[in-house]
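Working notes, structure below.
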Amino acid sequence: MNIYDIVFYLFAAITVLSAFFVVTTRNIVYSAYYLLFTFFGVAGIYVLLGADFIAMVQLIVYVGGILILILFGVMLTNKITSVEIKTGSVQVVPAAVGVALLAGILMASMVDTKWRSVETAMPSATTQGIGMLLIQQYAIVFELLGILLLIALIGAASMARK
Amino acid sequence: MTYFPILSFITFLPIVGMIFILFIPKTQATMIKSVTLLITSAQVIAALFILHYYNYSLGGINDPNSFQFMEKFRWIDISGFSWIGRIKIDYFLGIDGISVPLVLLTAIITFIATLSSWTIDKQVKGYFALFLLLDTGMMGVFVALDFFLFYIFWELMLLPMYFLIGIWGGKRREYAAIKFFLYTLFGSIFILLVMIGLYFSTSETLADGTRVFTFNMLAMMNPHNYNQFGILSPLNPNNLRFIAYIFLFIGFAIKIPMFPFHTWLPDAHVEAPTAISVILAGVLLKMGTYGILRVCFPIFPEITRQLVWYIALFGMINIIYGALCAMAQKDFKKLIAYSSISHMGFVLLGMASLNSLGISGAVFQMFNHGTITAMLFLIVGVIYDRAHTREIDAFGGLATQMPIYSGFVALAFFAAIGLPGLSGFVSESFIFLGAFGFGLIRILTVISTLGILLGAGYMLWTLQRVFLGPLKEKWSALSDLTFREYAMFIPLSLIIIFLGVYPSAMLNLMNSSVNSMVKFMADAKVIYSSLSGF
Amino acid sequence: MNTISLEYLVDSLKLIKPEIAVTITLVLLVLVDLIMNKNKKFLPYIFIGGLTVTLYFIIAQYCTSSFAFNISKNLGMVIVDPFGNFFKILIAGSSIIIILFSMLSNEIKDGADRQGEYYVLIAGMILGMFFMVSSADLILIYVSIEMLSLSSYVLAGFDKQAIRNSEASLKYVIYGGISSGIMLFGISILYGLTGSTNLYEINSLVQASQVHGFTYILSGFLIFVAIGFKISAAPFHFWTPDVYEGAPIPITAYLSIASKAAGFALLIRFVKITFIQSVDPNGFWHLLNIIDWKTFIIIISILTMTLGNFAAIWQNNMKRLLAYSSIAHAGYLLLGLAVLSNEGIAAILIYFVIYGFMNLGAFLVVMLISNKLGSEEIDDYDGLGSKAPFLSVSLAIFLVSLTGLPPTAGFIGKLYIFLALVDAKMIVVAVIALLNTVVSLYYYARVLKHMFLSDSTKETPAFTTSISSIVFVALMLAPILIFGIYFTPLVDFAKSSIALMGF
Amino acid sequence: MMQVGLNHFLVVSTALFSLGIFGIVTRRNAVMVLMGIELILNSANINFIAFARFGNFGLQGQVMALFVIILAAAEAAIALAIVLNIYKTFSTVNVDEIDTLKD
Amino acid sequence: MTDPLIINLALMILFLPLLGFVVTLLLGKRIKAIYIFELFIIILTFIGAVALAFIKLNYYQNTDIVSQFTWINFGNVPLLGQTSIDLGFLIDNIAVLMMFVVALISMLVHIFSIAYMKGDKLYNRYFAYLGIFTFSMTGIVFTHNMLMIYIFWELVGLSSYLLIGFWYEKKSASDAGKKAFIVNRVGDLGMLAGILILYTTYHTFTFSQIFAQISAGHLPFNSEFWLTVTGILIFCGAIGKSAQFPLHVWLPDAMEGPTPVSALIHAATMVAAGVFLIVRVYPLLTGGALLFIAVIGMLSAFIPATIALTQNDIKKVLAYSTISQLGYMVMGLGVGAYKFAFFHLITHAFFKALLFLGAGSVIHAMHHEQDITKMGGLRKKMPLTYATFLIASLAISGIPLTSGFLSKDGILQGSFAFGSLTGYWIFGFVGFLVAMMTAFYMFRLLILTFHGKPKDQHKYDHVHESSFSMAMPLVVLAALSIFIWYTPNPFNPEQGAILSNWIKTPQLVTPQDTRYNFMKSDVPAGTVTSTVPENSEIMYSENYTEALHQAHIPAMLLSLVLAGLGILIAFIFYQWKKVDTDKLANSIKPLYNLSYNKWYFDEIYDAVFVGGTLFLSKILSWFDINIIDGIVNGSATLTRAVSTFTGKFDNLVVDGFVNFMAYLSGFVGLIFRRFQTGKVQTYIVFVVFSIVILLFIFK
């Protein structure tokens, strides 16, 4: 049990627990804030996995972008004046059974599988490597994502304009 | 050989007519009708031409060289599928003694039905366009020798029939139409499946020496054309020929219709307009028995031999069951419909005999049933047009009011009963003679003879209830036949009488083919038993 | 990692000319939309022009079989092969039809000021689909699916007024979001198992490794969820009826053809390339023994067609009926894959061409009728046969073709599927499929019944159809009838397109 | 507790995945449903990066995660636009109440 | 062996009536007097028949003339070779005699009908029908094969149907026609089965070829038993046509037809066709078959005779008497008295036709009153009719100097001899009993009709003797009922040409051990030639000839005594009224009722066969609608069980009716539909579950 492990468990706990609250809390705004913690926890895990760049992106895009977007969504679709913005849950029992079954299967097979595992040193900076990949191997995907974002922009605008 | 492609002509002439009709404005009802009449009469003339140039001595059945008026050219030819060989479908038409009577029948019945359709006044254009399309479908079935083509024609007539019943039918037309549609489609999917199975089991050698899978029915009749491992190949010890045969048989039996697949028929008939009933009973039902004779028998001779008792059994059930049901009917048309079931049972019985007498009787019965039942339905149509009811008990004593009509009725009824001197007698007796001659189904034949007793029973009873006895007051205004109706009844009556007196006119047409068929079925016993797996 | 020089990129660009053409068209549409703020009637023509060029590029490189955007010497992100090109033609072709379609649609006309977005989003869909059918890399697959989905989410809710549009859009986005999420999870597992996202590489790696089989099944199925979603295969089809009913008709039609085609192309590629071991001379595939794709697909396809057909019996809304019908057709199409043979693929391709024409045709007529009647309820079709004979008869032919009765092309499509099935000795499956056909007749005939057999209860005047519509419908009708009688060119076309890169 | 390895990360990601699905199917509010989707995407991302890290697959996994994040953003934008639209037409964003389209 | 003249004559005789039928029928509406054409035709036919008989009996007495042509050629049939069906004529003595009778009576009936049917609105059609009957009957008589017999058999059935139901507006008439046709068909079924066996075995319908093959030892299914069965089956046709027990029920009803028709068809000719059929196939009848025939004949002679004792309808009495007499003939054939049976056919034809025409004359005079209890005293008003009727009654009663005496006595003699040879005395006993009853009921009829006082004075007043065209036939027939035409010796018919030269018992072809003992050939087995010499006489054993000879005198005397007794009783009962008949009837109530109600045959048949068939057909029809269709259409139970959705379904799918598959489909569809809740989250739950299930399946 070294520091790495402790940190992992910490982040894992943050992630999973706050994710749990995200899907169970009645208050939407609270949910959104729990989501923040989840993202944060995930970013931490990324760091533990040596993905420094991705961790940053996670924080910037998710926390800075998506979460804000979601909060706006919450605000725009509810009356701001009401103090408690609450929402209920539906079909909890069947969902719980189904998800539990699925989770069970997933867990079991994940744990059971003999993954390809090689002991390697923690990679140092990944940014350059990622950059190279983006403009070489994944150039086409990269470009495509650009168009995708354009489309998303137009689409979202179009939708909102309606 | 270059000669006029008369079979294509006779088959596709109605389509041409249909296209022509589509361009006639729908207000020109008379013109539409006239065009249809023209087309159908041209078809009759073409059929007579065929009859004239038909060579009586050629057998047909499985020998491509003795089919007549053959037209064969490559229709679809897709090479290069290395793994399944070439896909080759021929446009292959030809007739032998089994199809000739039916081609003739189709031409005549459609002509008569056109006359009978004259009273149609609702959406005339659509009616006659569909009518002609139906015509092509029926004619095509009888002349196609390529299974694929056969199937196309087979299905082609489904839709027009659906609409013809559904749009121009009686009160419960929608129900009857969909029932007909579903039933027959249900039957034809089985045919499709077997067709595909046969395709992958048969191959034929082309001129250039390559072997290709084929839809050619004649090739399928030769066990040497089968591949070793085709699922329907007799060479394959684990073949599925038996199941395929059952499938195919059910597919055709639905059309006949054979008990217990018959329930669509009474409904369809009752709801269909007269002309369509005439077509339905006159031609369409024959497609089922023709299919069995043309496809089931020669392609699966060994299974046919195994199952012949059951075929006869169902024939017997049809005969007795249909007759008994007919007896209970209150609706004139339904009664005729059930009698139709009964009469088609004779065809099954005759075919099951596997000898010349029985099979010629069966083919002849197809023709006779076509003409006689057509006439019976016309009779119902005439009375329905005038009285707007078909309730048997509502009538009585019409013989006094409509003597000429009643004369035709008597003729048709007695023909249906199988009175000697009329065509029905000859075919029915041949069927009995043939079937009785086959020891295996002898008992069934004897039981079947009850059918002619029951037939006399319900027919005469009907005759009595509708035409004899005192005339009911409310029918005293009914008029006798019109000129148009004469034109429908007289040709049919003449045919019925002529063939009753001189059946050779028809039997000579089919003798060679029937004999070839019998010979083929007899030889097949030896050939197939020598193949592996038997 | 190899360093990839610029030349490689340039070479690759040459191979994706169609995609580039679509992209340029897309950008052009955006620009024109911005510049010509008021007058948007040129947009569709520009679009059609762009797509024509695209088609030209596709045909020009039709027989090419190559990788583009190589990550190593003989592996690339993008595959250019006849199989993909076939689907690209299908997609581009149907897109052109859909654009023409949209020009006739009242629903789209109502949103006139947003036509720019409409066409741009369609272009986005096309681009997504093009990459779906030609990508060899799971990352690219995922991105292209998302690209397609994002555009279609918006398009499904395009119509301003209609409430149902918004609902369709919401359901679509939630359903689509979660299925692509699940797929992504599956991809991640597959990546974990093999260490690669390239299908070819995965194939060789899987052949080499001996990992727990169940995890493969897990990942395979999870990936299938999104594909199943795209092709609306049961049990992932639930969105289909709701979205089809809710979306504007042109988009519904488009989803039922192009999106489904892309999904199928992807599925075939995924299954074949990832799991293939060898192809025998008879064209049958021998898959790696890790996932029993055959059984899986048979189950899915039977479920799909049965569900689609049986549920369709109950439908009163024409679009919804066609939605179920398209589910059922997905079932038939899946059978072609279940055979796991080249012949089956050929059958799928043939079926798709025909299905494209007949389904688009049916939707077209439904739209034209809806334009006049303002309704898609089947009950409102009563007596249509006499009021609008041309449209009714055309619809009848399309429906008959969908049923699969000769002499329409629909029969040929089914025939080839059954040929493949029987050749593979899957008789029982064939029987089930055929029985399904009978059931399908039931609901198609119901429409016919309402159009021709029932007399109109409402007093609606007979309506005329514009010449352009008639010509358009007739153009859709022609292949249905011609291919029904003479299908050699169609089969030849399909036959020449079954070659997947590498096999 | 054992040494933290690949499986630990996988367990976290699976938990996230399951919770995400649970959220999607149970929360009535459409925005919450979208949050569930984000959870799923995050769980997949953890997988990618973890596999890449422990299997020594290079940076591919991270690139994948990067793309996913971008896509998530795009998707969120569109989805929220749609939700807003729903709010406009239905005056509610409760997914279970939006069921006019059904059999 | 053909002779063109004879064949052409025969062809003429056959087709003239057909021509008459067609012309009269088609022109009947237009030309009122077209019946004269038919009359002309029938006279020509008669002349032809006379000429034919003359030529044949004079010049070709021992030669049978055969002419045939191929009707249908089956070509080269596999396994059988060239196969065809031939039609043709066999003109032998029996045929020409029969033809003479048919043509003569037909002509007389035509003439009689001119007056009798006067004023009927379908006058011409009546004559047309007579024409087609004559045609059909001629066909039966001339044919040389089984198929043609069957064909014309059915055609006479048709003409019988048409003529019985001639007054079709009367329900009883159309009922009777229908009944006649259907009951006949029952018999025909047996005959058809017999024909089927014959054809299947011999591949020919021609008698001579069949006989040749039988005598060569080729038996149906290689069994003597089946030969017997074949004989019996063919005899079934005769049972129907000749109204033999148990199919005799149609004949009394057939009296609904015009009386001249009854005379022609239902007394003299058509009903005799059954006997003619047995005569034609006689060579192939085995001992067993003959015994069966004899038993049926005996029952048919006895039962109707008992019924006739109490009937009051003049025509019904005659009808039962006809059955009884036909039973005689059949019994005669069965016991081997071939010649006498055929002879009786001829004599009976004349006197029975006479009786019917006489009755017709009475009925005509009485304005269609047929109840004899309402008649009486007509002797004075209709002396000619009375005289002829009396002659006929004497003839049928078998009183010497009449033709009936000759032939009936022969049959009695034959059955007597048969009894002495085989021990089956029953036939002789019943024969004599019936002879007495015949005499009784005939004279009962005669007395009630012509003697005594008129019961209905009003009608009686209007009665007058018939016109010439009705009287002439009576006279001719009465003349023919006298012995002189048949034999010079009124007590020994064998001295006449008709029995000694013309009618010859044919050579049997059945295997020796299947015959009656006395019919066994004296020629040792094995020497029988394979081809039967045409027209050869049967070779009975010596002791048969002996027995027959011995039976002659006793039989004659006994029959005379019994007939006289019968007449006497009739006079006692009805003329002198010494016995109160009502009281007598009451004292033997059950027997009387049995007889009066015709042994309840109609009731039983109605209940069992007609009712049974109708019941069965109703059941089957119900079955068809509810079960067969129900399997497809959804049975009532299921309907109720799922009635909640029925209503919806009815409107949605095919209106009102749902077939079972549709039901099932609909039900499945409904289940599938349940999933489509419209709630997207629910869908996702389904998806999750599906994934789980799929994973479990493939784990």
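Here are a few things to note about the model shown:
Letters A, B, C, D and E name the chains as they come in the text, with residue numbers starting at 1 for each one.
Criterion: a residue touches a chain if its C-beta (ideal position, glycine included) is under 8 Å from a C-beta of that chain, and two chains touch if they have at least 3 such contacts.
Every value quoted in this text rests on a predicted model; they were computed, and no experiment measured them.
Counting steps between touching chains, the shortest path from chain A to chain D takes 1. A simple rule picks the central chain: find each chain's mean C-alpha point, then take the one closest to the mean of all protein C-alpha atoms, which gives B. The interface holding more C-beta pairs in contact, when A-C is weighed against B-E, is B-E.
Of all chains, the one whose Cα centroid sits at the greatest distance from that of chain D is E. Set against the C-alpha centre of chain A, every other chain centre is closer than that of E. Per-chain CA centroids place chain A at a distance of 71 Å from chain B. If each chain is reduced to the centroid of its CA atoms, chain B and chain D end up 65 Å from each other. In this assembly, the C-alpha centroid of chain C lies 78 Å from the C-alpha centroid of chain E. Spacing of chain C relative to chain D, judged by their CA centroids, is 26 angstrom.
Touching of two or more other chains is recorded for residues 1, 139, 143, 146, 150, 153-154, 157, 169-171, 174, 178, 182, 189, 192, 195, 214, 218, 241-242, 311, 314, 442 of chain C.
Shared contact sites, meaning residues of chain B that touch two or more other chains, fall at 174, 178, 182.
Residues of chain D in contact with at least two other chains: 17, 20-21, 24-26, 30, 33-34, 36, 45, 50-52, 55-56, 58, 60, 63, 67, 71, 74-75, 78, 81-83, 85, 88, 95-96, 98-103. All chain pairs in contact, by the document's touch criterion: A-C, A-D, A-E, B-C, B-E, C-D, C-E, D-E.
If you check the complex, the residues on chain C that touch chain D are 1, 139, 142-143, 146, 150, 153-154, 157, 163-164, 166-171, 173-174, 177-178, 181-182, 184-185, 187-189, 191-192, 195-197, 241-243, 245-246, 311, 314-315, 320. Within the complex, the chain A residues that touch chain E are 90-91, 94-95, 98-99, 101-102, 105. By the touch rule above, chain E contacts chain B in their complex via residues 29, 71-80, 83, 147, 150-152, 154-155, 158, 161, 165, 168-171, 174-175, 177-178, 181-182, 185-186, 189, 192-193, 195-197, 199-200, 613-614, 616-618, 620-622, 624, 628-629, 631-633, 654-657, 659, 661-662. Interface of chain E with chain C (complex): residues 652-653, 662, 665-666, 668-670, 672-673, 675-676, 678, 680-681, 683-684, 686-687, 690-691, 694-695, 697-699.
Those residues of chain C whose C-beta lies close enough to touch chain B in the complex are 281-284, 341-343, 346, 385-386, 389, 400, 405-407, 411, 415, 418-419, 422-423, 425, 427, 430-431, 434-435, 437-438, 441-442, 445, 448-449, 452-454, 486-488, 491-492, 495.
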